[in-house]
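Below you'll find a set of structures to go through.
Shared between the two complexes below is subunit A, which pairs with subunit B and subunit C, respectively.
Right, the complex of A and B next:
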């Protein structure tokens, strides 16, 4: 689970000066391969405020801090909860391997238990921190596990030229892990990132709408700082989550290996 | 309890994540149904792109927080006295600070149980243990120098991979006043220690952690007094079996009803001779964690030293007080624990070897003498214990933990009072609903394969009303079992409970 890959998986991060796809390209697989395999930067620190609203409009908020560091073959990430008070200083240390056949490692530190516990990383369709996002939304996708169809090569979102691409999982594993029957992604031709998506959720036949806004460059990389995810069923809004990235920085020299140890996990904020 | 359990399961089955799987590709309704995008500027936030990001206060280097909690419980069985089993009001305060390599924590705990305090049906020791409590909890200071961290003060060190049962978690005393009623996180009580830990990388993603600790305080936790709501002494003595002619003359319930009975730990709290020593090495690698640990500590459970039966009867006649001594002798533990990630679940295990485990032996009531007497002696035995556990998660965040434990005695004494080698198993299932706002859980603990030595079952639900404000409700039932076990006498103890908790 990587907060950075939350951005990557929706095609949200891409070097602004390194567009490798012609805006006239019509091969959806080529476009999505470029989106999935881009350089996403390294040594990231970020703060994330999550607001979860139910259909009655009642809100809950969570604030977390994160640090991310790449290693050969994967990424390490440390997430520490800042609020609410009942989970303050709870931490999650994860090692994500690019090799999809290898299980990720995740350890949870709960101050109330005074214990570091390995947790299972198998259940990827579950909700991430109670939001409308799943753990699967936060991992890189393997393009070979999808059949892509160009729905509209001249779509527009807010006046921005986009490709509208349908991604349909072709393996049972991918379908099971994502929980999606198919996904529509509006990929900006200018920024080469998905600015919105719509997913058909198998469980409960829901629709999940995601919109990325407040898109700014950080060290030359386009990064949306706000994600809004809405889940609907039979046309009715069930819940929505708003994720705000603040203090997001890349290439921070003080992000070092020692940040991703059990000791650092225990020390918290 | 059953209707509540059915209700909870019923809610779970009706949940969003469990229905309508499969089906055709396009039977979600209109494919171009774009209601989910909302309208420009709507409250869903899709149209308010110009809204500034929320102000989030920076974390301070110090923080004062805490928890306010109210817990109520009612007896389900018919029994003498009020139906209110618990009315505990709790306040925990925590002052923490972190600056550079330094960290510090001061915690205080206060509670009053209005169902016990001042209630005449309970004896003085019970009113003291359950009625009113003011205690320091974690009070420590820590300094980190690179990978080496030292912590001095009252702290908690949790060992092992067991989620419901552990045989290597010997560092801290526990609050065992209400078996099955408190959450695991509330069980461990801090104890004064000096601890050092060193973490070093192992390969690309793994780490070694070496930990040494010295326990400076002899603290044995809290347990319900012998005649308290969860005291098992009367059940223990009754299990010894008075001869019929004696039983006709002596009503043990009557004997105990006129007594104030309390426990006394024989070891002094601050005696340097009782210092405990702990050491552990842990390796966390790709897909597997392994630990080796060793400890020389005072037996946290302790063994009973009962007064003579004649003393009990004499004290009862005088309407006085009686003390039951608990002897916490030194014991050694060498252990190993591990957890491995498999495609389906986490597999967890623990093994402990305790070569000098103190045990009670005897017959409780020796009827071979002219005047029956309590015959409870102390001996020691070698014990090997193992735990195997599985943790599964799936189905929309549901979790299932199963732990199974069994002991093996090596050359044991002939007449052990308590079956310390008996199998024990536990099962806990939890299911989040409503975007983790509602959490349902159910658990079972059994001593013996089929509850022969006792069993308990608990169901509960917790609902997050607002940030860090939770309401909870549930029920717990006990079966004392047919053999002598930890729930002796728990035949009128089933309860329903409610709670409200706010963390700030």
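Right, the complex of A and C next:
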């Protein structure tokens, strides 16, 4: 489930009452295992504004509405485009499997053709909808594929106590799928959220900085409503993506199985 | 006390230098140490032709903006020859592809990355577009050291080959954007694969040759400095060498490889031949002066002038370019010329019986002023390059002018210091050769040619015939810039570029950047229809010279939309076309972005308002691309939608080169005209008579005409290597003329006797002029041994220019003076 998994994979959706890790914990593997094995909530609806900027300051904004529903072994997500006007009512239905060996499925509804088209992609290091985020950024990580190191058990971000943990992929598959040499994550001890991260991108020796802000509780779960990703090279900003969630709600009873069908895609907004 | 024609100021200066020898010696050594340090640590070499366009037309800015938006347009092209459609070849190609993607190069002292702090944003991001995000903060990353010392990471942005060539296809009931050989083909599939690939107009001429015998891996690196490029190429060549086996024969080529090869060969040849030229000049100096100081001192003056100038360039961050690399050679001319004049007069004075101390002071006193004037005229000529539109030429002019002043300062300082240690008896001309040696005979012969009226007529008629012949030669001069021709015929980069041209398609490219400010941006179907027509127009270009197509492949957003539309119709070739309506185009691009967004980033900006059409074209000389440039510009004007929202600009390496070469020719003419004009004024001022000043210009301009004519007759083109030859020739000629005319004027002012003045000019300046011309001609002849044609041509032209300047001065000046300048004694 793409957009929700995006938040999950950065450790952003955590039940406020599920802090099972002692703030004095210094074992990075234990902390990251907790990050990967959390309850992330279900039946989510949200409106998402995606803004992509390049280094010249040119930007493009798309607004989509999304619905998310878990199923046994995976997540379904429906995205309907609200703007820009020329793609309004186009829709994307995706099914993501927790089992990494299974290919995720995506169906795109294109009004001009009046039919749905299945999309297949194996390149997880590729960009998500033209943003600075990759599909692998939005995929749950297998802790056994990483070597974790505690860089700083007493780091701070904006005055908030954090663990600074380094995650280094130890398998070629993981390295290839993420495209990263390593990642530094600042995990908030209070909220148990990775409030920011820095990834060393192999291609072009770039750095990718991610920051979560506007963190609010929704149904008792800490949820950042804004995610900013900046890609830099040689200290120069290359591009930036901002994902801004509004009207984000969890446990919506009207999110049902029938929402994730071709008929619903055809109906549009 | 100053003697006739000697300058009090320069006598005083020589006295001070001799009095404070230790101080001046220490000062010169200290400056030299600092200069060597600066040169060895900070001097850069820059061989890319587009460097010259900086500060000129908007071509350079357009190219830079294009590279900012879409990455480098010039790529390393790894050419592999073999039986491509076999399993062993494709397996090895895959291995090489993957290794190239991970190419790691560590640069010394570079890659200084910084955290994305507010300060960085201010300096790198566009105005306040980044600053509005109040949540980002600027101190949350702690001591962020950027990439730091983390091992790994590649300087390679992208590798494109058969392995990952983009396929937007309908397969297994789904649309996918994937690499052609993401899944290795089975043996039984190879025949079908071959047929599919060789029928694809996007792949043939891009990543595969038409015969299926050559594959190309296009390697796009980051934008780097020359040093970094050299390092990358060294690593890349070492990597591919490990794969070079029979049946998988590899060559590294492409524009970055050519530029790196040019700069490396240029550097090594200049070093080797520069040393050779110095050695040969040293031998000639020894023959002339028969004393170690007479050899070493002028060479040290030249060497120090070069070192100081390069150090100044390094300090100011000015690189050595394909044009400014002539500065060392030019300063050898100037440094030796200045020094030899001082030492020649010194030796003459000692031969006449003067003691060492007085001879030094008197030599500096009598030559200081003409040397200063030659310096000023040369500096004016060089500073006229400030009028050029190109930054590279401007910088060259300023740097060389600085160097000329250094040569002057060192000639009147270091030479007295060096001579001060000699005994009174040292460096005199041998008694048996005191009169009528070989040089004297030449001088007398040249002067006597115009001694009679009939002689003057003969000289005049000869000059007129020479001018007519020169005019014919000048009309044959070509502007032709092709750096590939500079390299030896068996040079690996040259041969692989030629193979690439023959078997695959060109290593050059031509780009048209199209921007649409309307709401739809580049998704506008009308615009895409225009681009489609432009694509066909570009592909259909037939070069008038070869009568063959020049464009091997094209790539644009239209291809992506067509591929996607075909895939949306389950691979039906009939739908390899733009969708019938606007919504269809928007949907196709939405689908493509969902399935292969990284490819879209290479072809359109983030706001989808700017895109480009890139054509791969065969390698030709820069001016041969002019018809293509005109053809494309015509297509842009007629085929793209008319409207205030659409703008289109040609760019790319080739366009930049064509524009730069055109601008440089204009610059050359402008600079030369300005220099000639100012030199006339300075001549009038120096010689204190307008008539003499104008007469003096004739022997200065004729050698320029002769050299250009020689270029025309021998098919030596005007290119970046020979562009400034006219300015160098006038620089050499002016020096000869000033020394000659200065002596003439001093004597004529004192005696009013024209013939005596001519003889005096011959005796005092003539020998020095012959000596410097001989030294420089022989010295620059060494460059004929270069492995690069441009250096050979440059050496030949300078050597000839010295000869032309010498004989026009020795033969024409006396004839002109006898004809046009009155004899006051006679008239009195």
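Everything that follows uses one rule, which is that the second predicted complex is superposed on the first by the 267 of 269 C-alpha atoms of A that agree within 3 Å, B and C clash if a C-alpha of one lies under 4 Å from a C-alpha of the other, contacts with A are read in each partner's own complex, and residues count from 1 in each chain.
Throughout what follows, a contact is a pair of C-beta atoms (placed from the backbone, for glycine too) under 8 Å apart; a residue touches a chain by one contact, two chains touch by 3 or more.
Worth saying up front: this structure is predicted, and the values here are computed from it rather than measured.
Participant: Look at where subunit B and subunit C land on subunit A after superposing the complexes, then choose clash or fit.
Facilitator: clash
Participant: Could you look at A:267 and tell me whether it touches subunit B, subunit C, both or neither (first, second, both, neither)?
Facilitator: In the superposition, A:267 contacts subunit B only.
Participant: Mind telling me which of the two, subunit B or subunit C, contacts the most residues of subunit A?
Facilitator: It is B that touches the greater number of subunit A residues.
Participant: Return first, second, both or neither, reflecting whether A:183 touches subunit B, subunit C, both chains, or no partner chain.
Facilitator: neither
Participant: Once chain A of both complexes is superposed, is A:214 in touch with subunit B (first), subunit C (second), both, or neither?
Facilitator: The answer is both, since A:214 touches subunit B and subunit C.
Participant: Kindly classify A:66 by the partners it touches after superposition: subunit B alone (first), subunit C alone (second), both, or neither?
Facilitator: Neither partner.
Participant: Between subunit B and subunit C, whom does A:225 touch in the aligned arrangement: first, second, both, or neither?
Facilitator: first
Participant: Touch test for A:242: subunit B only (first), subunit C only (second), both, or neither?
Facilitator: both
Participant: In the superposed arrangement, which partner chain does A:90 touch: subunit B (first), subunit C (second), both, or neither?
Facilitator: Once the two structures are laid over each other on A, A:90 reaches subunit C alone.
Participant: Now for A:74: first (subunit B), second (subunit C), both, or neither, which partner does it touch?
Facilitator: first
Participant: Once chain A of both complexes is superposed, is A:197 in touch with subunit B (first), subunit C (second), both, or neither?
Facilitator: In the superposition, A:197 contacts neither subunit B nor subunit C.
Participant: Check each of 146-154, 290-298 or 470-478 in subunit C against subunit B and return the one that clashes.
Facilitator: Residues of subunit C that clash with subunit B lie in 146-154.
Participant: Pick out the shared contact residues on subunit A: the ones touching subunit B in one complex and subunit C in the other.
Facilitator: In the superposed arrangement, which is not itself an observed complex, subunit A uses residues 52, 54, 57-58, 60, 84-86, 110, 112-113, 117-123, 126-127, 129-130, 181-182, 196, 198, 200, 202-205, 207, 209, 211, 213-214, 226, 228, 230, 232-235, 237, 239-240, 242 for both subunit B and subunit C.
Participant: Enumerate the contact residues on subunit A facing subunit B in the complex.
Facilitator: Of all residues in subunit A, those touching subunit B are 47, 49, 51-52, 54, 57-58, 60-61, 63, 71-74, 76, 82-86, 88, 95, 97, 102-103, 105, 107, 110, 112-115, 117-123, 125-127, 129-132, 181-182, 196, 198, 200, 202-209, 211, 213-214, 225-226, 228, 230-235, 237-240, 242, 244, 246, 257-258, 261-263, 267-269.
Participant: Which bits of subunit B are touching subunit A when the two form their complex?
Facilitator: 16-23, 25, 27-29, 33, 35-38, 43-46, 49, 53-54, 56, 59, 63, 65, 98, 103, 144, 146-147, 149, 155-158, 161, 184-185, 188, 197, 199, 201, 204-205, 207, 209, 282, 284, 286-287, 289, 339, 341, 343-346, 391-394, 396-397, 432, 434-437, 464, 466-468, 470, 503-504
Participant: Note which residues of subunit C are touching subunit A in the complex, please.
Facilitator: 65, 68-69, 101-102, 111-116, 120-121, 124-127, 129-130, 133, 135-137, 140-142, 144, 146-147, 150-158, 171-178, 182, 222, 519-520, 523, 568, 579, 581-584, 586-588, 590-591, 593-598, 600-601, 605-610
Participant: Would you mind writing out the residues of subunit A in touch with subunit C in their complex?
Facilitator: Residue positions touching the partner: 52-60, 81, 84-87, 90, 92, 106, 108, 110-113, 117-123, 126-130, 152, 155, 157-158, 164, 181-182, 186, 196, 198, 200-205, 207, 209, 211, 213-214, 226, 228, 230, 232-237, 239-240, 242.
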